[in-house]
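First comes the structure, then the notes that go with it.
Just so it is clear, A, B, C and D label the chains in written order, and each chain counts residues from 1 on its own.
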Amino acid sequence: MPITAEQQAQIDEERARSQPTRRAVAPGMEEHLYTAYPVLDHGFVRVIDYMGDDAAITQAARVSYGKGTKSVSNDEGLIRYLMRHWHSTPFEMCEIKLHVKLPVFVARQWIRHRTANVNEYSARYSILDREFYIPAPEHLAAQSVVNNQGRGELLEGAEAARVLDYLKADSARAYDHYEEMISDEGQAGLARELARMNLPANIYTQWYWKVDLHNLFHFLRLRADAHAQYEIRVYAEEICKLVADWVPFAYTAFEDYRLGGATLSDRALDCVRRMLAGEEVTQESSGMSKGEWREFRATLDGPAEA
Amino acid sequence: MPITAEQQAQIDEERARSQPTRRAVAPGMEEHLYTAYPVLDHGFVRVIDYMGDDAAITQAARVSYGKGTKSVSNDEGLIRYLMRHWHSTPFEMCEIKLHVKLPVFVARQWIRHRTANVNEYSARYSILDREFYIPAPEHLAAQSVVNNQGRGELLEGAEAARVLDYLKADSARAYDHYEEMISDEGQAGLARELARMNLPANIYTQWYWKVDLHNLFHFLRLRADAHAQYEIRVYAEEICKLVADWVPFAYTAFEDYRLGGATLSDRALDCVRRMLAGEEVTQESSGMSKGEWREFRATLDGPAEA
Amino acid sequence: MPITAEQQAQIDEERARSQPTRRAVAPGMEEHLYTAYPVLDHGFVRVIDYMGDDAAITQAARVSYGKGTKSVSNDEGLIRYLMRHWHSTPFEMCEIKLHVKLPVFVARQWIRHRTANVNEYSARYSILDREFYIPAPEHLAAQSVVNNQGRGELLEGAEAARVLDYLKADSARAYDHYEEMISDEGQAGLARELARMNLPANIYTQWYWKVDLHNLFHFLRLRADAHAQYEIRVYAEEICKLVADWVPFAYTAFEDYRLGGATLSDRALDCVRRMLAGEEVTQESSGMSKGEWREFRATLDGPAEA
Amino acid sequence: MPITAEQQAQIDEERARSQPTRRAVAPGMEEHLYTAYPVLDHGFVRVIDYMGDDAAITQAARVSYGKGTKSVSNDEGLIRYLMRHWHSTPFEMCEIKLHVKLPVFVARQWIRHRTANVNEYSARYSILDREFYIPAPEHLAAQSVVNNQGRGELLEGAEAARVLDYLKADSARAYDHYEEMISDEGQAGLARELARMNLPANIYTQWYWKVDLHNLFHFLRLRADAHAQYEIRVYAEEICKLVADWVPFAYTAFEDYRLGGATLSDRALDCVRRMLAGEEVTQESSGMSKGEWREFRATLDGPAEA
């Protein structure tokens, strides 16, 4: 369970409070505010604050004095135009602040997105909780044999059991020793900034993460992608749901132009033209490498049927 | 007058609207929202949106689940501690969005602060207004004879009059020609992206500018400084007033530790120690250059009496 | 002429100097170092320094200890793979520093690319040269009637002549007055930081601009694009030539995947699939707006024949 | 030993290579290039590439055409002026690329400095080495009783022995299980991206890290500080030595104005003035909190005698 009763009470108290504001309000997002949506076995994502809505995007693009008399349909059209033509600055005018609880090895991928603000729980100052990510059996996959950095078939039987045993036993023991080392009962107690080094990468940490909508979309495009590691993808997918309710026009445009779109190279466009003209194009005649051709064919074939 | 009646009506409409929100609300800032505060002869600053308040800074520093039971005095103490020890990330958790109207030569200084989001009024797409900054006589200063990039004595008499004449006549003529060139009455009409090149740097532009509180403080420290050019300093000073009402604890700490503080070098600290020990330290015995010593003395002497 | 004889002599002196280094050396770039390549009527681009080469990209991607035994063809394949899969960090491992002389209205577009380092010639401190961009007759275009922020047909006859007259006369007069105002002969002399406001946006400025290869590619994709304003596009095109000689593998991949490529939306990909399956797809049946459909058709049609 | 014989041979090969270049060359840095300087028990820092030297800083500040005729002493004076007045952009004109091997818990602090480029060894793609940081007995300290995030007295006797036993045994066991889990002998073999989660934070990782001199100084000011955690401070100190040989003027100015300097608040400056005027100022009459006063007194007292 990611949240204690006391934490839930604090969240409930926050949610119960309501005050008037003159600022832009996104009703879809107000519903989500502060609620901790579970991710993985002990993690969560919750929205702490947000700035702006769909109208704030077009308002900034127009540098306007008020909400103006432009119709909602104009807003949607302009947002689609801005997304299609890679205008990034209007989307930067919306901002979101999240509280995320996540395993350290996920945090290490996440933090590579540099254009964001972060305050992480300090293990120099505080004691980490005894919470470790243990994969569910249906996510315990083997190294992929076709992709050097992906997963392949599921592990089974004794092999799967042994992996789970190791993960559970090693993290439990590491935490026991962590507690013993920092204890100041009958001893000095090791500095926390040192003791934390004994903890494995599946321990949970948490942070406040603030980012503008343009950079969030960039994060989501990479991390909600099918090739992203499962353990970060589930966070991205949960955030996608929140963003869809916050800025529905922008999110729909993002889905169409980015998440569901694909960039074709000069060579690939040339192949499409030749194919539309009736030519039978092969990898050999395409000018592409084998890997590139395989990816191109996959794009043309589209998402597999269920 | 920086604002037309129509624009004022749009602003009034925005200000009249109020909606409930679960987010942190800064009452001091709500009062300012949307109002255009005049700066220079045609410029203004107005707050379009904000995220967070003083409590949001400590909440992020603590990575907390709720507002918690910590007292307000604890918040102030923690904020002062964070500011004193150069903890920047908690201050990044507040964000502000401004609409600013400003002369182009001021905009060119302002934009050098890169960690911010900007949407500027497009002179490729739209026609600029006939509004130029003409300095008031009391700001018409000569080149400084002691500081290579500053101002000295006020211009007087015929010299001042001639400067004002030039600035007014040249900008009026440049705008007349701009209008003539882009007009499509009886001619093709020059592209706006070309015609704008005829306009001088005292024409007004406008933009939406969004920045986090840490980077805003950095901007204010440099631009509200006595050495900043007057024409950008007045914007910084107006923004200081807004920030003081938005996050009073953080602003007071900023005033004490940054705006009113000074960084002493290793050599300067050594001099202070020797002086406190009773030694008579001179420029020669200080190890400092003449310029450095003059600045050090000015720091010790403090702000001049009125 | 963008360069004085004295400046040219300084450049020649720099070019004549050669020293041994253990660092990666890009022979193609060494040839270009310091040379000022003319752009527009008074501008230029010249390379002041660079870091890395094609091999530095793969070396960083592999976090290797040496240049290693990997073959050159492996380097090219890996670079293409990295580009295709949007791996940005290896390309950030190369850096370039340029000295650019450019009109102020171009500089104002350029500076919007924030992830770069800039030192601009200071008009608070120094006196600007009397050099203004006056478009050649073949670039004097009317406002586009189909694109709100582009150019259309060429201006002709009396209209073109009048535009050139205005641009020349207004900038000459503005500069005369600038000189008169700052002169300290027989008067105090207006502060430079004020006098500059009288100068139009076609005056030339100059700066040192340093950027990593990933962010340079982003700049080039937007600014070497056919929709970019001509006056910035010529700078981008000149830089493209330099980059092609610096990191030939990376540049070729950039040309294929970015400059010559196109991003198709989810809807557009769906249309391509239907068209390849033999269906006659129209704008109405495509689900796209008219503008989007026009752009999609243009992508499929490819670059126009000469 | 941080480096294998094969790696050392690659480094030696790199160092033996020398080519002519027209670029600025920093002789002091050429000496260090590629050499792996040991840090902690298995880590190192080595310079892979650099751009610029002291002259490049002043050249950019002046936007010059050549190295010019300015004397070296002018360069030093200008660099000190720029540092003293917080001019950051000229220092951004130098760049350095390092290869660093470091424990994961140090990497997690390090990466918080966002304005840098990073390529980290991928544990999704590759297998991590069996190398763990085990503190030397003289760095095995207790939690500080005065500073919530620092270290106090050294651990002794049985307590110290037990800590070392835990750290060694737990990391050895974790690595054994890591190897067993990813092995594909007689089993599928767990995906590397999952298996890595079993490894503790004292395992070593490595990355290429590229940063400009201004941001490097910011990093060094925070991480070479006495309050930084020892395990990152030793990296910062090693880098300080390299920078001192690369840009000696800039480094000396950095030492004087930043590393050895201190920022005094408005209140603190007021106290200094009163003390210089002969007043006996106490914490009560200073207007400072107890903690602030303690820090202020420590600044005035200066570094403790050996």
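Please note the rule applied: a contact is a pair of C-beta atoms (placed from the backbone, for glycine too) under 8 Å apart; a residue touches a chain by one contact, two chains touch by 3 or more.
As the structure is a computational prediction, the values presented were derived from the model and not from experiment.
Where the sister copies chain C and chain D meet, the same residue numbers recur on both sides for over half of the interface positions. In whole angstrom, the spacing between the mean C-alpha positions of chain B and chain D is 33.
A separation of 35 Å divides the Cα centre of chain A from that of chain B.
The geometric centre of chain A is 30 Å away from that of chain D, both derived from CA atoms. Multi-chain contact residues, meaning those touching two or more other chains, occur in chain A at positions 89, 112, 118.
Chain contacts here are complete: no pair of chains fails to touch. Residues of chain C that touch chain A in their complex: 77, 80-81, 84, 86, 89, 112, 222, 255-257, 259-270, 272-273, 275-276, 289, 291-292, 295, 299-302.
Chain D contributes residues 3, 7, 10-11, 13-15, 17-25, 30, 33-34, 48-52, 56, 59-61, 63-68, 89-90, 92-93, 95, 97, 99, 117-121, 206-208, 210, 212 to its touches with chain C in the complex. Against chain B, in their complex, chain C makes its touches with residues 103-105, 108, 111-112, 114-115, 118, 122, 124-125, 133, 135, 140-144, 148-153, 155-156, 159, 162-163, 166-167, 170-171, 173-174, 177, 180-182, 184, 187-194, 196-202, 229.
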